[in-house]
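Just dropping this structure here.
As written, the chain order gives the labels A, B, C and D, with residue 1 at the start of each chain.
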């Protein structure tokens, strides 16, 4: 939006804007991302929607393949309807490079979750924010999540619980500014995910397939742990070393499952995704 | 029905009818409602059916946009099959303006839930009556519902439990007359919903998307609370102030989810909805 | 089968067969049933399959509209694939009128459940035998089912538990002969349904829509009761008088839901059902 | 792969390879399997995927109808996408007869589960390895599975729990070599299935329909047992003799259900399966 006004105002006004309101300027694009990355981001939205883990709230992003200081995420919309043309590029302050004429209110309010985590965790290449129902009871009771099986072995590395009240008191619980995003990222630390009390969770990973898989199995693990707890017998723990050996694997099996998940959601939809070469105009 | 007979009988009989049986006369229509409202009412029926929250029992209504003393609701039928042509206009005594030739038995017996709530709650613009399975255990045990996360923050304002036996003794439990509807509306008070012992719940809101969202998240919250309760650890409460801040938001995110819900149920059905400009003849 | 051989053998052999092996003769048909009844029986099969309550095991029957000593049921097959041409007519000893060339092994072994109940309960017009998963824990623990809400009010009339071991000792648990069917019918008594330990349930009703509705809500009630029991608070009972008033209703609302259920399963299938006028040749 | 290189290298090199690296040679094919067996194997993959019991992890195999020392299984891929052209032939050391140009990494790492079980159990004709969610809590708590109803009567014969740590210490928990496969097969013994701590289960049977049915009902039984346990009343056990009588039946009813399961998954998919006459080239 701002960049469009700048474009129309010309170079003289541009200087004034730069001097007086540095934060109002739009960040520069890193250039068109890899079409395969966009295709996978569209698929990630639909796969998580298909699993009941994203709807019109919650979102998934991926770091730009050409610039670690940019990330890609859909405009504010229902995840099951996302196409390549809905992807927006952001800098790590979560400012859009170009909203293609959409008002700022058409973007996800909580995009700071993504930007602040990418800033603090250079190893993270993809982020999911979900309201997965099965995770809510664990965030509310603070009963620690434990890895129930090898698909969710990463839970052995610890899943902290973040509470907006601890540092920000009474809020509407949304991560609606950089400070809250920063606090959340600090709570996440070097863990693979963080639960959010009365809200949901944020999950990170080294790739889109990994973060999607982690989100699905984190949510499933919560159900299985809850089921196991009610059986009244002690749960045999996975060894931390087992978890490390599992996580060190190449993700070969995950690639097969990712292919299956993607096949299902892409063939079910009439609208093609991934045909566009980048962050085209949202529609 | 009655209005048709009046029409055929002519002005002289009309006077006699007015004098002798004022309640038998049909109320006057407030005129064609906004087609967008009808489209959303059709969508609300199908979305709630798609979520397993309405079938051939249970119903959703909306206040007429031209007259606060009229409301709109489908004829008695399965919610997933409702089209624009099935919508009937009622006054707040729940008398139909025009049944288009259908017998009174073709209307929902429990329509008094809607009329009596609209009378007592001018702020309410839409009402859902549901038999959502997950709510039944809470109505039967009277375990208070608590807000498990921000999607169901409105629960912090209190969800009372209504029991037909308290004032009306042995009944078939249906809200089949104005008195029972009035009792239910009194039990609801200024809360966002009321559970009904051994029956279900009635939910209210300032718009169709809000009341549909509240119904979906009320039912989901019941499942999550039940899951959390069995984990044996105390549940961290949401602060009332947090709930107020969440409810004060504009519902921007809900609009996105509403779009996704609507897209799903309207594209799945072959019969177009919302094409009609109002309360056409039921078929 | 036998009747076909008789037909070819002629009257002399016929007499010999009658004298020496009365049970081997085929019963006489009551004539073509009402096509609407066949259509509803096909729908009942598919509705119960759609609800996960019937598969290749379990079955639904209806008493013949022309003769209370005959009933109609599909040949042994998966319920979701049943068409009008698969319906077979049986007498109350559960002997087929005409198997249309199918071997006896192509019929349901447990058809005696139906015949023996129809003998003992003249009020019963339709019977379902199901392995509904949610009912299994109640049959195994013998925890009494209680009516959780008005949809399942009939549970207030009592749901006994039948155990094959009580009179027949070690068996494969199937109701594979008239004696076991008779024992089950005695256990059912004048109740609306009977649980079968380690097996499932048999449900009866005055019509196909009623028995289908009872089966669906019996299974749902089990889940809701189990959920309520784990909440640790006492469950408020429905009064027996309330249950009687609910059951005395005409089932007007059920007709609407039945229409919705039927619409869904009949429009989803490519194979037309109910077009045939009766018990055509199975295919 | 190796066989292709041999093919190109010619007879002289062939001898050298045989002498120096006997294990590197490809086993000889037993010839084209029965097309019906391939069709059922494709169906088994899709049925288990449709029940949520297989995805890109987990697999199902069947012994070759022409040679008990060969078995058939899909290449490494998502079960819902398997077609006849994806089936590979293996010897009992789990070496592929012909990978059709695929690298060894394109095969399931855990294929040793199948080969080692076929070696030790001549009665077993089909094997499933699944991560069925409902089984995980039982493997983790070691609460013994008990047969809840006749569909899962085989559980009465005992379901042991295998733990990779018992003999192999810290691993990534995969059965990625013959030794681990052998250990698992020993733990299975003569039982119908074995749970795997923190991993899933392996199920065996005398045919594809039987092993698929056992997998589905083993997983369902876990849910039902967990539900029954929380009801706080003792569970009535099935007698071992009842279980033996049930298991001794011909599986006539299972054939009907198998037909229904197969009809559903084969008609839903656009890609034909079973048209190929054997182990064609994977694509």
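Quick note on the criterion: a residue touches a chain if its C-beta (ideal position, glycine included) is under 8 Å from a C-beta of that chain, and two chains touch if they have at least 3 such contacts.
Keep in mind the model is a prediction, meaning the values are calculated, not measured.
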Topological distance between chain B and chain D, in contact steps: 2
Mean-CA-position distance for chain D and chain C (Å): 36
Interchain centroid distance [CA atoms averaged], chain A/chain C, Å: 51
Chain D: positions in contact with at least two other chains: 230
Pairwise touch network: line, ring, star, complete, or other: ring
Complete list of chain pairs which touch one another: A-B, A-D, B-C, C-D
Chain B-facing residues of chain A, complex: 55-57, 76-81, 105, 109, 131, 133-134, 136-143, 163, 165, 170-174, 197-200, 226, 229-230
Complex contact set, residues of chain B against chain A: 147-151, 220, 223-224, 227-228, 230-236, 238-239, 241-242, 245-246, 248-249, 252-261, 263-264
